[in-house]
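The following pair of complexes shares a single chain, chain A, combined with chain B in the former and chain C in the latter.
Moving on to the complex of A and B:
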């Protein structure tokens, strides 16, 4: 059921956002660079302060503070901003490729393919969404079903998966050419990588079983770490791979994440206070 | 003109030959009927046991933020997880934090649930796409109907039969995060304290998650299609993970073999030159 009051309000907000957006651009253009910078800096600071305050202010028994509800409502605003940026991106893309095709610039054929693919996919996607949500009386038809399945399931998904899968071929080629043992560090790295690569797949278990290494850890083995069976059990490839991942990889990852966290905090403060040169 | 030795030729094999060898290896492995039993790691076993410990009717949130790019790794996980949830007769809702992920997960879930007799809206629901994960989690932790409002079919959340007795994320028992992106840290940071998390990353993302396994911030993890295979073994089903595992492990063997060959050629080349 389509709620007309809700739709009217939605239309009101969308038109309002567009008017505000398009009115702001010429207004910002009239300001001198210094004034423009100050305006953006003030807005950035107030927005950042709002998010920080919402996080740090004490909460009541329901887990809320004075900023919690406005914070929730911001989700809608973010959707508007995302949609607006998507619209801007689409406009830029169409404009560029339309110009390429009309003026027959070098490789204009690719632009034409892009435009045709874009319009076809957009048409059937919008049609499918309207039919799926039963909006504007649009019904699902066999043509829509066939066309959307062909475009989405059998074209878009497959192309996307193929593009990503190509990485495997590049990795294989790069590993063969570049992974050379030229130092002790490189040797350790290569040996560790090989143990993990084999240890984590079933082949690691198969090799360990074939070597006659113990397959289970008994209570007796647990209590006596220097027991031969215990030592042999820990030499199984899956056990070594798990040890590398848990005992070596995890602490290193933690250290890296701490470093990234501190760096991100410093960067966030610089952005919040508009000290970053990129926005000057 | 300098004569090229066997070793120097080996060190500069045309990349197209390498691509062909890998492609043949993958196709042959996918067709091979070799079945090697896995050594199920503790992280996968804990993942399985966390779902097994739930009671029929308990509510689970499936955070599905993956698209076709990582389909080979995330689809086996997604399918195996949904099959397990339905086998346990658990209720579940799905949410995505990217638009393509919404479409893919909804279409896949509709196919899988119809096979198991689950009805959309009654036994499960899809909350659609939410642009900001932090705001969505914080909002859902307070009031799902307020934060999400409608499911992907535009049905109001509070009218869905599956949502009976569920007001917020605090009423959920578990979150399953299936993703190649960094959504896990948001779930860990902003979820209600009583909500457990289990994780399905792609293979490249898994290394970062061991710190969270160590600290028990996630209770279990299945890593890529390889993890899905181990999980399928525990479930006793043949899914995509089982079909892909040979291609994965024999590709690992091929890569290792060629790295060793390359290094051997380099060693011999140096020796010849000396």
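Moving on to the complex of A and C:
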């Protein structure tokens, strides 16, 4: 049940927080450039320290330490700020296209299309979210159902799927460039990609069947790895593709991940200590 | 005649399907060349995607992680999160723009801290798993292991170490290290070839999905089983 007293108190706190934070700005503005830099560095360091310390501090029997509960709340807060940054991106996009439309710049009509699509979809998307969560007493209506289905299911989803499937056409020209055999590396790349592509579709099974390779693995074959039928069974294209995926591809991916992990760690330390110039 | 009556956009459901087909043709028209039809739907797509994000990613997140904990759980200090996050919007202001860096710095710091966590909780167990693979007989107390598993484990370790050698830039690659790095590069090509093959097949699946939509939902030609 919605408690109006709690909601009033929450609104009171929120208004107070807004007033406080915006009143702080003239005060922050008095800081000299060096002080501003230091303040940003301190904010960066403390937030990094908090998230790192939560993991490294010892935990009790329940698997918690002193920072675990605030950590979970702050993770939520991180999501809120990330969502606000999404709003910032949207604001930038809309500002640009609004300027195009108002100043009648070349091709301003497309900007107008974007703005109309944005406003319409934003209205129904927010309405749909509020109705789903039953917020502010917003109800689901037939108009919302019909409009949201049309905009989301039959327009956005269709455009999205088509846009991504478009890459299927361009990937062939990319394949041509990648598969031109000019070195050992290009040959290995081509051979692997071809085997994987053919092996994971029914064509691979068809080719293997046509060559008369065994279609099933019997118990006898399973126990004797050097049996001819077993060797022939493992030469089937789907089996080879599967082996490449699991035995050859997996360690390569693991090595790439380790490289990324170590690189990310080094970069995280530089960012955390504000050593990376151009950020702060 | 029945087919034509069903095919034409004479009902709300059919209008929706026709709009979906129109979107598909509009985007595919770029394959011929740049044209206004494509540009119209491209801008519509960007507008719709940006507009849609506001519902689930802004309203929902703010409600779930900010408003509700303050109202229902009385976590009052969370009230400061959104005003602090709103500092981001000063980025377009020349005079107060630097204030937005407080938020950006906090976000970067937080994600750096989370990277330490991710490294410890994700990569270290993976490293342990990779280097504790069974490589000799007898493998364990029960002694149950296939020869193929043993061979694959050896392959795993050899590939992992050779690719990691290729990624080592702390010293100059010479002699045995150079040869190992070269083999590592070949193995890396196998990995990249696999990724490429999988990407091609995933995109082809999407293309098949679009063709299926046009044939099945729009033209109402029943294809395939199921």
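Keep in mind that, in the parts below, the second predicted complex is superposed on the first by the 231 of 280 C-alpha atoms of A that agree within 3 Å, B and C clash if a C-alpha of one lies under 4 Å from a C-alpha of the other, contacts with A are read in each partner's own complex, and residues count from 1 in each chain.
We take it that a residue touches a chain if its C-beta (ideal position, glycine included) is under 8 Å from a C-beta of that chain, and two chains touch if they have at least 3 such contacts.
Small disclaimer: the values here were computed from a predicted structure and weren't measured.
J.: After superposition on the shared chain, which partner residues are touched by A:168: those of chain B (first), chain C (second), both, or neither?
T.: both
J.: Which chain makes contact with more of the residues of chain A, chain B or else chain C?
T.: The partner making contact with more of chain A's residues is C.
J.: Contacts for A:250 in the overlay, against chain B (first) and chain C (second): which applies, first, second, both or neither?
T.: both
J.: With the two complexes superposed on chain A, say which partner A:63 touches: chain B (first), chain C (second), both, or neither.
T.: first
J.: Touching A:194, do we find chain B (first), chain C (second), both, or neither?
T.: both
J.: Taking the superposition as given, does A:205 touch the first partner, chain B, the second, chain C, both, or neither?
T.: Once the two structures are laid over each other on A, A:205 reaches chain B alone.
J.: Can A:268 be said to touch chain B (first), chain C (second), both, or neither?
T.: After superposing on A, A:268 lies in contact with chain C but is clear of chain B.
J.: Scan A:242 for contacts with chain B and chain C and give back first, second, both or neither.
T.: So A:242 only meets chain B here.
J.: Between chain B (first) and chain C (second), which does A:184 come into contact with in this model arrangement: first, second, both, or neither?
T.: second
J.: What is the shared patch of chain A, the residues that chain B and chain C both contact?
T.: Residues 74, 78-79, 82, 133, 152-153, 156, 158-161, 163-165, 168-169, 171, 175, 190, 194, 197, 200-201, 245-246, 249-251, 253-254, 257, which sit in both footprints.
J.: Tell me, which parts of chain C touch chain A in their complex?
T.: Going through chain C, the ones touching chain A are 12, 16-17, 19-20, 23-24, 27-28, 30-31, 39-67, 69-72, 74-76, 78-89, 91-92, 95-96, 98-99, 101-123, 126-127, 130, 146-148, 152, 155-157, 159-160, 163-164, 167, 184-201, 203-204, 206-207, 209-210, 213.
J.: Which stretch or stretches of chain B touch chain A in the complex?
T.: For chain B paired with chain A, touching residues are 13, 15, 18-19, 22-23, 36-39, 41-42, 67-72, 100, 103-104, 107, 130-132, 135-136, 138-139, 141-142, 146-147, 153-154, 207-208, 210-211, 213-214, 223, 226, 229, 245, 248-249, 251-256, 258-259, 261-263, 266.
J.: Mind listing the chain A positions that touch chain B in their complex?
T.: Those residues of chain A that touch chain B are 62-64, 68, 71-72, 74-75, 78-79, 82, 132-134, 152-153, 156-161, 163-165, 168-169, 171-173, 175-177, 179-181, 190, 194, 197-198, 200-206, 208, 236, 238, 242, 245-246, 249-251, 253-254, 257.
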